[in-house]
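What follows is a set of structures to go through.
In the two complexes below, chain A is the common chain; its partner is chain B in one and chain C in the other.
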Partner chain A sequence: MRHLLIIAAALFAATASAETPRDFLTRFEKEAGTAASAQRGARFFTSKQGGEWSCSSCHTDKPTQAGRHAKTEKAITPLAPAVNAERFTDAAKVDKWFRRNCNDTLNRVCSAQEKADVMAWLLTLK
Partner chain B sequence: MKKLLPAALLLVALTAQADSYSLPKHAAFEEECGSCHMAYPPQMLHADSWRAMMGDLSHHFGSDASIDDKRRVAITNFLLANAGGRKTGDTRDAQGKPLLRITQSARFDKKHREVPAATWQRASIKSPANCGACHTRAAAGEYSERWVQIPK
Partner chain C sequence: MHADTKSVRVWDLPTRIFHWSLVASFATAFLTSESEKLRDIHVIAGYTLAGLIVFRLLWGFIGGGYSRFAEFLPTPRKLIDYLKSLLDGKPQHYVGHNPAGAVAIFLLLGFGLAAAASGWAVYEDVGGHFMEELHEGAANGMMAVVGIHIAGVIVSSWLHRENLVLAMITGWKTRHGRDSVQAKAGFTDLKHSGRN
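Let's look at the complex of A and B:
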């Protein structure tokens, strides 16, 4: 019984950290209750929404290339999963950065719809 | 002569070690505090400063740097254990609040007296907090003169 529990826990841990970028699109679409739009995602990502920054300010408007933090100048590896296999593989990390970066660019959290749109767009980039 | 060379090299290595700010690895600190900028050496601020900073990560120099409680506590403990002591100099601002910026400490001013004001504004540097622009081995905790190169 003990062994089974440990195996179950290990399995759970393994699945929890083994997310793929598509899983996030599926999850955000489900939360939003509607289909995502890559076009809307591109517009959202590249334009300012009243604040000082857009997502592009740090991730560039072509996130297949490396970015640079708008304030500190630190290099940021590309966000598009097609060119950076480390992106969108860990739910805790993805949720943390959506929370922080949306607060910094919009002064609020992003809606599930906005996150789904961004995901859909990033997944089209090659 | 052949024997002197290794001895000289050893001496150089030892002196370099003396003002190195390197530390044992701490994965959570490096990941969380090295994502938006380089991970600043804990020795450069007083424990009071780190405690104050870690108490409000949602409003971190105009950025949201919030993290989960478990990591926040672990990183805070690491910072406090390695914080600078008296050598950090004056650790409070004019209002008596803990200083949050290394770059506003008296010690930082003293060490950078010879850097002209205009240099900090260069596009290649942008901010005094961008240590790595001039200290080419800052990421490894190495700030000695040998590894300083001010970009144009």
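Let's look at the complex of A and C:
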């Protein structure tokens, strides 16, 4: 058990590298090869993209507020970095949740452009 | 065929139902692990898996002969002897679990419990990021052992010329008159009578 804890702690330390939300915007813009649009990001976030859910189904269309899981109804802490300093500070977590949630809302992975747009929009929210 | 003295009743019904139910619940939990939409199914599969493992832990003490932990508790000595016999090309034959298989079983039970307990914690928002990592680590550990277990079953079935998958369905194994390593001499009568 102690070994498990040490391994888990090491994993935790390895993944808890410090990024800032702006770093992700820069990264996704670079991957997309174009500038992000906060306006496009807002539309993408709040409307369904072919699936049963949109991002706002769980995160609400005002992500400065707490959200609610559309299936389990459990509380979700706000997504906007301005009100929740923990958001978008860990690359492993960001990649993991984009992968999972894009699959639930779009039935595919999100493009770098879509992620850049959403990041740009979230960063405008105060 | 079952009256044949060469047939041995190895796995009792509760052990077999447990085995295949565990397969189903773990497969369901694993396949639904990436989706929030299927979260309810994932959680139900996880609790089912936890209940099955609790049952198996009890059955390891009160169950039938070959299901008991005391019958297949893998000591380092037994494990080394067994692995050596594999390398020598003269594998020791166990009617019940061989020592390598027994190690896999205890790892599966341990990883399964850890995955279920940490999964509950993640679902209830206890323990934060650490519990998420533990949950994924335990589930991936369990999947890795499942892979090794399946490989072991295939290799062992081939080495001993017995169909271990069929044995876990019917409960019966066919003996080939080879010497078998027995943890308990007391099983000899039961073994040859074809009862249980």
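Miscellaneous remarks
The criterion applied here is as follows: the second predicted complex is superposed on the first by the 110 of 126 C-alpha atoms of A that agree within 3 Å, B and C clash if a C-alpha of one lies under 4 Å from a C-alpha of the other, contacts with A are read in each partner's own complex, and residues count from 1 in each chain.
Convention: a contact is a pair of C-beta atoms (placed from the backbone, for glycine too) under 8 Å apart; a residue touches a chain by one contact, two chains touch by 3 or more.
Quick caveat: nothing in here was measured; it's all calculated off a predicted structure.
Applying the stated contact rule after C-alpha superposition, one finds that A:Glu73 touches chain B and leaves chain C untouched.
In the superposition on chain A, the chain among chain B and chain C reaching more residues of chain A is C.
When both complexes are overlaid on chain A, the residue A:Arg100 reaches chain B and chain C alike. Of the two partner chains placed by the overlay, only chain C lies in contact with A:Trp53; chain B stays clear of it. In the superposition on chain A, the residues of chain A contacting both chain B and chain C are 69, 71-72, 74, 99-101, 103-104. On chain C, the positions that touch chain A within their shared complex are 34-37, 39-40, 114, 123, 125, 129-130, 133-134, 137.
Here chain B touches chain A in the complex through residues 36-38, 58, 62-68, 126-127, 129-130, 133, going by the rule given at the top. Residues of chain A that touch chain B in their complex: 69, 71-74, 92, 96, 99-101, 103-104.
Against chain C, in their complex, chain A makes its touches with residues 4, 7-9, 11-12, 15-16, 52-53, 58, 69-72, 74, 93, 99-101, 103-104.
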